[in-house]
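First, the structure itself, so that you have it in front of you.
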Amino acid sequence: MFAGSAEPVTLDPFFASDGESFRVARQIFEGLVGTMPGTADPAPLLAKEWEVGEDGLTYTFSLEEGVKFHDGTDFNAEAVCFNFDRWYNMPESAQTDDLTYYYAALFRGFATGDRAEEAIYESCSADDELTATITLQSPFAGFISSMSLPALSMQSPTALEEYQDDAATNPRNTEYSTERPVGTGPFTLESWERGEQVTLTANDDYWGEPASIDEAVVVAIAEPKARADALRNGEIDGYDLVGPADIGPLEGDGFQIVNREAFNVLYLGMNQKQAPLDDPKVRQAIAHAINRDEVVSASLPEGTQTATQFIPEVVNGFADDVPTYDYDPEAAEQLLEEAGATGATIEFNYPTDVSRPYMPAPEDTFNVIRTQLEAVGLKIKPTADKWDPDYLEKIQGTPGHGIHLLGWTGDYNDTDNFLGVFFGAKSNEWGFDNQEIFDGLKEARGIPTPEEQETLYQELNRQIMDYLPGVPLAHPVPSLAFSPDVEGYQQSPVQDEVWNVITLN
Amino acid sequence: MLRFVLRRLALMVPVLIGLSILLFAWVRALPGDPSRALLGERATPEGIERVNAAYGFDKPLIEQYLTYVGALLRGDFGESIQTGRPVLESFTERFPATLELGATALLFAVVLGVPLGYVAARSQGRLLDTSVVSGSLLGVVTPVFFLAILLKLVFADKLHWLPTALRQDPRMDATHITNFYVLDGILTREWDASWDALTHLVLPALALGTIPLAIIVRITRASVSEVLHEDYVRTAEAKGLARGTVSRRHVLRNALLPVVTTIGLQAGLLFSGAVLTETVFAFNGIGQYLFEAIGSRDYPVLQGFIIFIAIVYSLINLLVDVSYGLIDPRVRAA
Amino acid sequence: MTIPLPPSQVVPDGVIGLDADPGVGLWRGAFRRLRRNPSAIIGAVMVAIFVLVAITAPLLTSYAPGSAEWSGQVTPSSVPGPSPEHFLGLDRFGSDMWTQMVYGAQQSLVYGVVSTAIGLTVGASLGALAGGFGSVGGRIGDWVDTAVMRLVDIMLSIPSLLLAVSIAALLGQNSYAVMIAIGAAQVPIFARLLRGSMLSQGKADYVLAADALGIRKTRIVMGHVLPNSIGPTIVQATLNLATAIIEVAALSYLGLGESDPAVAEWGRMLVAAQDRFDAAPRLALLPGAAIAFAALGFTLFGEALREALDPKSRR
């Protein structure tokens, strides 16, 4: 009995982009590639092993034997190609970002539509029963890693053909997507009562380690405190996204807190379109004025690490020697003086009415930082907006903001998933035009393998921290809470958490 | 009477049409973009453009309005932008929850409130009266959500007597026909499901019903007390009719009128309170859902839900006026 | 969301006479009754305390509201309680609780008064318009009456909180939006009140008599009917003030309304206090109790006033 923070949107993971849909999808579906338990590194799953061609354009997967979909269809190379071709051939009506964000972001385009030119998928061939080769048009170093995304899991061709309609006005709402999703995972969908709960039953024919629990139910409780209350009251066995204020008390009362390894970053963005933020000295001064440790202790969960750059340690390209800006209020004041910006007024935007895994209590974080900035003489003009819809609109859609709090949780282990998203091109959020960084990131994206990318990304990280478009603050530790009866929960930084390993006493 | 009802129903139509136009304009006047709300942090300018094109938001307003009206006439209220689900479906799914909650709260308020008010009026000026009056005053001025939080804290969190959230224990696996959970349990003879739903209703209904309770107590008391002082009552008592007879036959029936009006007027109050109570107890009704829709600028949901609410609300008001007319013949002549 | 009245108790009748100045006798009598009524006194005292605190807020504390100066002392699991420097302790953002409470009183008073004033002026004007024309009669009169009341009907077709929320969502995240929204939700109440009062008085004997005597209709309305409607209007305004204070808190709870942290508001304080309830219940109990206190004061006084103006109902 698990509580998430919201209802899943759809059970066909290809059309989903929200964590709750993925949570359920992870139990029902599997991809070619999984992750090593507790990490973001790729590990074999439906594909036992893979080989990358010399040119980085062909990937040959050897598939696991004897795997069947829940409806009895065999899982084989043909099924793999069916899935890949289905994605590539999505009708134009399904090519919008709300439906196919992940596929489009990774593979850049489809067979039809305005992005067909940039699509990197070329073809899939079923060499024999258990070997499939994917050919790409241009190299994509993150390909293997991305195959662990739930959106790209393998779905049953038979079920898709019979019940799914990709061209429907609302593919998220078809019979397949709400009642009959069919994968290869350790659980099958028993029922989804909209607005109430999702019930999963253990798959007895699962090819891997079968689940020890017979049934899993997922409900949605929006408020973190309400989730904590329900756990205390015995109404649920576990939940996700524990509020920082609840961690201590829950632990004290004998509940288990499982910390996910941080795969995210919380940062203070700075909009260079708003003076005096375009002056590097001012940006550096702000960085020096912030006491990251205090920010963590006052507003973030225990165990959160402070950040030195815009990617967490486990991501490729993490550089140990980036320029850092330690807490030094005197240096901050000095820099402000040099820049002629002592006592300058800076607008500080922050969101209300929201709790993100990387930013559980934005108002608290805002207040701590504000006090620190005011201590070096800056005047802060606070601007609060509701997360939905105003804040994001203001921060990402217009140049009308100053410094702001935002962050990002990585989906899979690819540096481009962080840096590329933030600094890949000119944007309203950061307001700068640094062609060197844009070009550097573009180049890195095109390098065929992660190993080869490493050096370039490290260099880029150093460059970015030198330029200092924003101040990375921390990598908050999202946590889950469980009753003492639950054992064996395996956390994953990318939320690849399958429940067949849990036992309930 | 029939003409009265028909006339009122006919009057509802222009009001609803006016409302729908107003809603359409209002929803699009709201600052903010549903497509951005849909995409969240993953929004890119091109992405937003694509979504807008897919939903037709880039077309001229008149065209959008006509499409909307055309669909309405076919009975199609559109689908939620956030979830893709038909709006009508979401409404029929969630409305019973709010209705069940409101009805239970009202029942609680009436069943407890009327006798309390009556008793207080009878024992005028004495301790019982004063305490009832003070208690009801407190009930009126305490904000609903504050009360809900307090109740939840005491009875659910600390004492563990009652559940803290949801409409039903998810492990229950109950069958739902009407979506009125207590009723469903009875219909399918799953008594434990019914009981479970009931326990989940207790705290929210108590929180929600306190203000109506307080109001009903006060109105009943005032009304009964007024009638008690009417000449004809005093005459009856002077004539020697036993107090019991006097009370039942004369006082109650005449005092009931304002009480009934009040009960009807509570509908609006109950809805407002329901929105707040549902949030505290994670109770899946329309209140919380509607509120989220406002935040995510989910146009179809907003337009649809508010029209439905207006229809229900108007029907309730109609019902009140009809019952008013039934009880007091003087009104019917007006 | 105001405490509804059965129609019969809205308009005091039987007190109207052909006084040269119809107001005075009514008011003097009312004042006498008020003085004797214990709940009126209690209510008045509560209101006075509330208003006093609200007005003298800057004098009562040396700190600025929403300053969050002491945020360093706050951690996710503990919020410092009462101490010599902080009479009521800190709130979860690190501001002084006492400061937040007194400035919150100021905010509630402003919100309450302004929104009720908006509702009163707009609503009463509409109602007087409808009622005045309606009681005067004739085709134009009836038409105006119906048109205005249809408008009021549309406003009443959805529950008041929804109306307030819709308007607030439209106008944005600031104080004005809240005041206009709540004011707008009160307009129908005042409109109906005024109209009802004027219509029923239009049938009163003294009006018919005056009319027969040849006194001009407008003079009757302005000179006699209007003043007699003032009493219940004031009563309603007082009661609505109480509800307005609560509704502001409700809107804040739902996340609408002023978000500037420098503006302290009890409703927002309640919201923020929720997930720290275990650690520091006073963060929620204080503003909650304050809201109830203010609302209670106005309600007591308003009810007592209504009683005082309507000698027919004896409690």
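Lettered A, B and C in written order, each chain numbered from 1.
We adopt the following convention: a contact is a pair of C-beta atoms (placed from the backbone, for glycine too) under 8 Å apart; a residue touches a chain by one contact, two chains touch by 3 or more.
Quantities reported herein were computed from a predicted structural model and do not represent experimental measurements.
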Of all chains present, which has the mean Cα position farthest from that of chain A?
C
Using C-alpha atoms only, the most centrally placed chain is B
Chain A to chain C, mean C-alpha position gap in Å, rounds to 48
Would you kindly tell me how far, in whole Å, the mean C-alpha position of chain C lies from that of chain B?
23
On a C-alpha centroid basis, what's the spacing between chain A and chain B, in Å?
40
For chain B, give me the residues that contact two or more of the other chains.
31, 279, 295
Using the touch definition from the top, which residues of chain C touch two or more other chains?
255, 274, 277
Provide the list of chain A residues touching at least two other chains, using ranges where the numbers run on.
223, 353, 386, 390
Per the touch rule, the chain B residues reaching chain A in their complex are 31-45, 47-48, 50-51, 54, 79, 82-86, 90, 93-94, 152, 156-157, 160, 163-171, 173, 176, 279-282, 284, 288, 292, 295-297
Which positions of chain A touch chain B when the two form their complex?
1, 7, 9-10, 17, 93, 95-98, 101, 105, 169-173, 193-197, 199, 217, 219-223, 226, 229-230, 232-235, 353, 386-390, 392-393, 396-397, 406, 408
In the complex, the residues of chain C that touch chain A are 68-69, 71-72, 74-77, 92-94, 173, 255, 259-262, 272, 274-279
Spell out the residues on chain A that touch chain C in their complex, using ranges where they run on.
223-225, 243-249, 294, 297-301, 352-353, 361, 363-364, 367-368, 370-371, 382, 384-386, 390
In their shared complex, at which residues does chain B touch chain C?
11, 14-16, 18-19, 22, 26, 29-31, 124, 137-138, 140-146, 149-150, 153, 215, 218-219, 222-223, 225-226, 229, 257-258, 261-262, 265-269, 271-272, 275-276, 279, 290-291, 294-295, 306, 309-310, 313-314, 317
